[in-house]
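Working notes, structure below.
Order of writing sets the chain letters: A, B, C and D. Residues in each chain are counted from 1.
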Amino acid sequence: MILDPILYLIAYPPLWQVLILGFLGSLAVAMVAIWFERKAAARVQRRIGPYWASPALGGFLNIIADMVRYVLQQLIIPGTVDRLTFYVAPIAAFIVSILPVIFIPLSSRPEFWPVASMDYSLLIALALSTLPPLLIIAAGWSSNNKFAVIGSMRESYVITAYELVAVVSILSASAATLTFNLVHIVDAQQPFKWLIILNPIAFLAAVLAVLMSTSAFPFEIPESEHEVVAGPYTEYSGALYAFNMGGAYVRRFVYALIIALVFLGGWAPYVPGPGPITGYVIPSIIVVLKALIIVLFISFLRAVYGRYRLDQALGAAWRLAIPLAIVGFGWSLLLAYIGVFH
Amino acid sequence: MPPKISLKKLDRRGGLFEGVKSNIHTLALGVKYLVDPQRSTLLYPKEYIEHRPGYRGFIIFIKDKCISCAACARICPSAAMKMVRVTEIDPKHPDKPRQKQYPVINYQRCIFCGFCVDVCPTEALYHVPFHDIVYENLADMFLSLEMFQVEPQRPATSEGLPVVYEVDEIKGLVKRRKS
Amino acid sequence: MTSGGLEAGGQIPGFIVKKIEKEVYEIFIGPQHPGSGHMRIIVRLDGDIIVEADPDIGYVHRTMEKLSEVREWLKPIPLLERMTIIDACNVTLPYVNALEKLMDKKPSTRASYLRVLLCEINRVASHLYGMGIFGVFIGHSTMYMWAFGDREVFLELAEALTGARLTHTYPIPGGVRRDMPQELPGMARRAVRYMRRRLEEYRKIFVDNPVIVKRLSGVGVISKSRAVELGIVGPNLRASGVKYDVRIAEPYEVYGELDFEIPVFEEGDALARTWVRVEEIKQSLNIIEQAVNWLETHKGEPVIAKEDFDKLPKLHKEVYEREGRVKFVPAHATMKIPAGKAVARGEMGRGEIFYYVESDGGITPYRVRVVTPSARNAIVFKHVVPGHTLMDLPAIYGSIDYFPPESDR
Amino acid sequence: MNSERIVEEVKNVLGGLAREIAWRKGYLEVLVEATNIIEAAGKLKSMGLDHVKSVTAVDYPKESKIRVTYHASSYSREDLMGFIVGLSVDLPRDNPEMPSLVSVWDGSVEFQEREVYEFFGVTFKGHPDLRPLLLIRELAEKRVLRKDFVVKEESIYEGVPFKYD
């Protein structure tokens, strides 16, 4: 049949993962995260937060209204920007932010996650998740705005600091479980040998890295409003700004997914069975819930912390987080030597 | 006892233990209010504040008491109150129309200081305890003599419930619905 | 873009053409910038270090001094109040004091206590405002919301006392405009107890927050000698170890009889300035308590000078008995004040305010000169900010509690 | 310290420089010549009056002079804190010019001298950065706080949009 290749292309699982789970799922999670961030911050600050858009839903529709506004808003392109980069960078950053989702399995059944059963999924997911900051720097640079350039410079400083932390602390899971395959990492943690319990140091370092990489509080430095307006995004408006802002939440979610798999045991203690419900839906919900907890915790931090100064954040990374990550890695080696997982 | 000056020292504690402890304090306090926010937000216009008597709101003019002394217009710090000259017929002497002057007010300028109310020798001006009124255009904010004498309708009363705020020892401001 | 005009030697009117220095990155923070307020700071950066900061203020200059010269003596009170509506009683009280000095009038003791009560309510509100803005400047939005929320408590007290939340227009020459309502002492005591408890929570979430402590310590250090040379005022001065407060140096109203202490810190950095505010709030709460206690036990005296009260017409006395409201006599609108020069000062939330009032015996002031605390603190931007990183600028700005409308007058 | 002692001390410090010393309401006014104001200010500062609260200028068109007063006080001497000494100088109205006191009182007068410059047109020689502070240059050139810049106030009958009778 001539239709077969086309059908195969349409039903090609990675495509589904990117389109359905990656895009829509990330969007949904981003919306929940934004809503929670506003609502939690409002509660801590003794306000109500989003309310009037839908009092019964706690103002959740407010976020959708916000999205609609961003999309319909006039797109103002200053005359002095480098147009091609200005358009491409935020969109590319958003897409690249979602890409790691392909390599993150939400179930151990290979029939649902053919790509995920590859042996280097953790490495590739990590590698992809470190790409978007480069595009953010490009976005800031192309804006031809002094605040944007300062913001980009800060972003580049922060990347150099957190990247090593993120990679070393997350790879410490591989050191302990002797595999780069995320499915095997999760299976090794069944049922309650979660790495957060066995190796909390690496987990702490990983969370610090996520905080820095997605410029969450207390490391919200590149976009720090009171010096550099909106950092790299200063000149952006409308949908392009929404891409920039959404990208940060998606990146946070992707990191949270990786951490949920690596440290929080993924779908453990549940063991995926055959069939779409037991093999696909239930484990994905468990993983997404675990990831959401991390995302919501990060959102909550906005309410209680201020932001560090740039040099203090970098100092925290080099003096505290990197040693922590290395100690965590060594701890993992020790775990592997003792043979906890095997 | 007379006031005095006291030199204080900054409580600069350091160390890992203190750092962890104060971080935990901070987070715990955040969680406490996340669970129980103790908020006092006014859901305007579903609710509106009923102010205490003595609140300096819109100013209403009682023409019968006015003796045309113009003290109110002269003391107005923002030149919001102006005098207009009106020819009136005195009921006692209907044949002799007399000229009187009355105040009118420009709410584009009024700052609600209440000097006019306080200076009026016959209490011909008084405050109503609110000032959330909507005007459709700026010209309407210059009230004519007739408009100046009617108490304006407060729009929030048509769709909202009155609340009062009380100072509470535990929760700060507490909103109470008035039945 | 064409730059033909410039090349041909033409100049755009109002613009200054100058050469760009290669090594220095010049950014304009403000006036349309989320972290500037109504002012502009022209900052020149070398890398991330500020080498020069030039505060360009005056965006909200409202010609207070000139307008005061053309209005009758009472009218500047609500006008001057608008320099700092968040500290309205403190900002007008020295003007009223200056008028009283010229008129040789003394307010009644009850009026003095009421003025002190409102001043301290204002001071707490003003400090809370300052701490809130400071919080959001360094990214701590919870401090902002909490401080503004708790400020409402004190605005509520002020509203119960004066009838207006912010622009009280309360002190007038010879006294105040209203007597205290019955329920105020109870409200004030509850508010005081509430605020004391909240200050502990402020400590936990903001002042002792490790992120904030790290961010603020050692930032914007003003040494004692430098503070004196720059002539800065208020909490910023006291954070640098100078033992100066107008309430002690030249006690006005009844401050000399009250029991409170002025906190002084020696570090001179942003954290010490924050601590001074926290400690001052505590002292203000003490004063509020003492003032309401006194006011509750000493009733019967009118709230304006005795000789003025006796001259009031019958209706005015009735209104005072019924509502506690002091009515003016029409002569207030066009009163004349004996010729002379007077100086009065007072301690606002942000520091010392200075009034110079000159009368030529007419119905308007001949000259009113006002120097507000922020106007004297503005110098900090020029002389203290250079040498810090760009991220320290909001921390210093917030910690000196600079308020552009007050500074610009 | 009481007020007589202050007068005594100021007299001693200034010697023959002071043309006139008199108590106003709330401050001690010391009038000196424009030519030796730096010397006088330096002597006051050495006495302990270490900062200036206000640089006040008043325009007297009838006497054709502008009086600039430096209201100085002390942060370092506790007995002086309660007093303000106004160091005044009379300047001709058509070309007011005097030496800047930034060299003596540093930052506490820097911005305020700029203010007097823009509002009254008093030129402070030796000021490091003499340009308008609050106003734009075009407005500052009108010297708005001088008495010949008149602000008109509305009368109590003006501006009413309604017609009666």
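Simple rule for what comes next: a contact is a pair of C-beta atoms (placed from the backbone, for glycine too) under 8 Å apart; a residue touches a chain by one contact, two chains touch by 3 or more.
Given the structure is predicted, the values throughout are model-derived calculations rather than measurements.
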Practice prompt. Identify the chains in contact with chain B as well as chain C, in label order.
Written response: A, D
Worksheet item: Of all chain pairs, which one counts the most C-beta contacts?
Response: B-C
Practice prompt. Between chain A and chain D, tell me the centre distance in angstrom, where each centre is the average of that chain's C-alpha atoms.
Written response: 62
Practice prompt. Calculate how many whole Å lie between the centre of chain B and the centre of chain D, each centre taken as the average of the chain's C-alpha atoms.
Written response: 39
Worksheet item: If you average the Cα atoms of chain A and of chain B to get two centres, how far apart are those centres in Å?
Response: 49
Fill in: Between chain D and chain C, distance of the C-alpha-averaged centres to the nearest whole Å
22
Response to the item:
Flagged in chain C as touching 2+ other chains are 71, 142, 149, 205, 209, 243, 248
Discussion item. Multi-chain contacts only, two chains or more: what residues does chain B have there?
Written reply: 26, 29-30, 40, 74
Worksheet item: Residues of chain D touching 2+ other chains?
Response: 153
Worksheet item: Line, ring, star, complete or other: which describes how these chains touch one another?
Response: other
Discussion item. Touching pairs of chains, all of them, please.
Written reply: A-B, A-C, B-C, B-D, C-D
Worksheet item: Touching chain C in the complex: which residues of chain A?
Response: 41, 44-47, 79, 146-147, 150, 217-218, 220-221, 224-229, 302-312
Worksheet item: Within the complex, which stretch of chain C touches chain A?
Response: 1, 25, 27, 29, 33-35, 48, 135-146, 149, 205, 209, 211-212, 214-215, 389-395
Discussion item. Under the definition above, what is the set of chain C residues touching chain B in their complex?
Written reply: 71-72, 74-79, 142, 149-150, 152-153, 156-157, 159-160, 162-164, 167, 169, 177-178, 181, 187, 190-191, 193-194, 197-198, 201, 204-205, 208-210, 213, 217, 241, 243, 245, 247-248, 251, 255-267, 271-272, 275, 279, 313, 315, 319, 323-330, 332-334
Worksheet item: Which of the residues in chain D come into contact with chain C in the complex?
Response: 24-27, 29, 50-54, 56-59, 69, 71, 75-76, 78, 81-82, 84, 86, 105-112, 119, 132-136, 144-145, 149, 151, 153
Worksheet, complete the sentence: Listed in rising order, the residues of chain C that touch chain D in the complex are 57-58, 61, 63, 65-67, 69-71, 98, 101-102, 227-231, 237, 242-244, 248-250, 340-345, 352, 354, 356, 358, 366-367, 369, 371, 375-376, 378-379, 382-383, 408-409
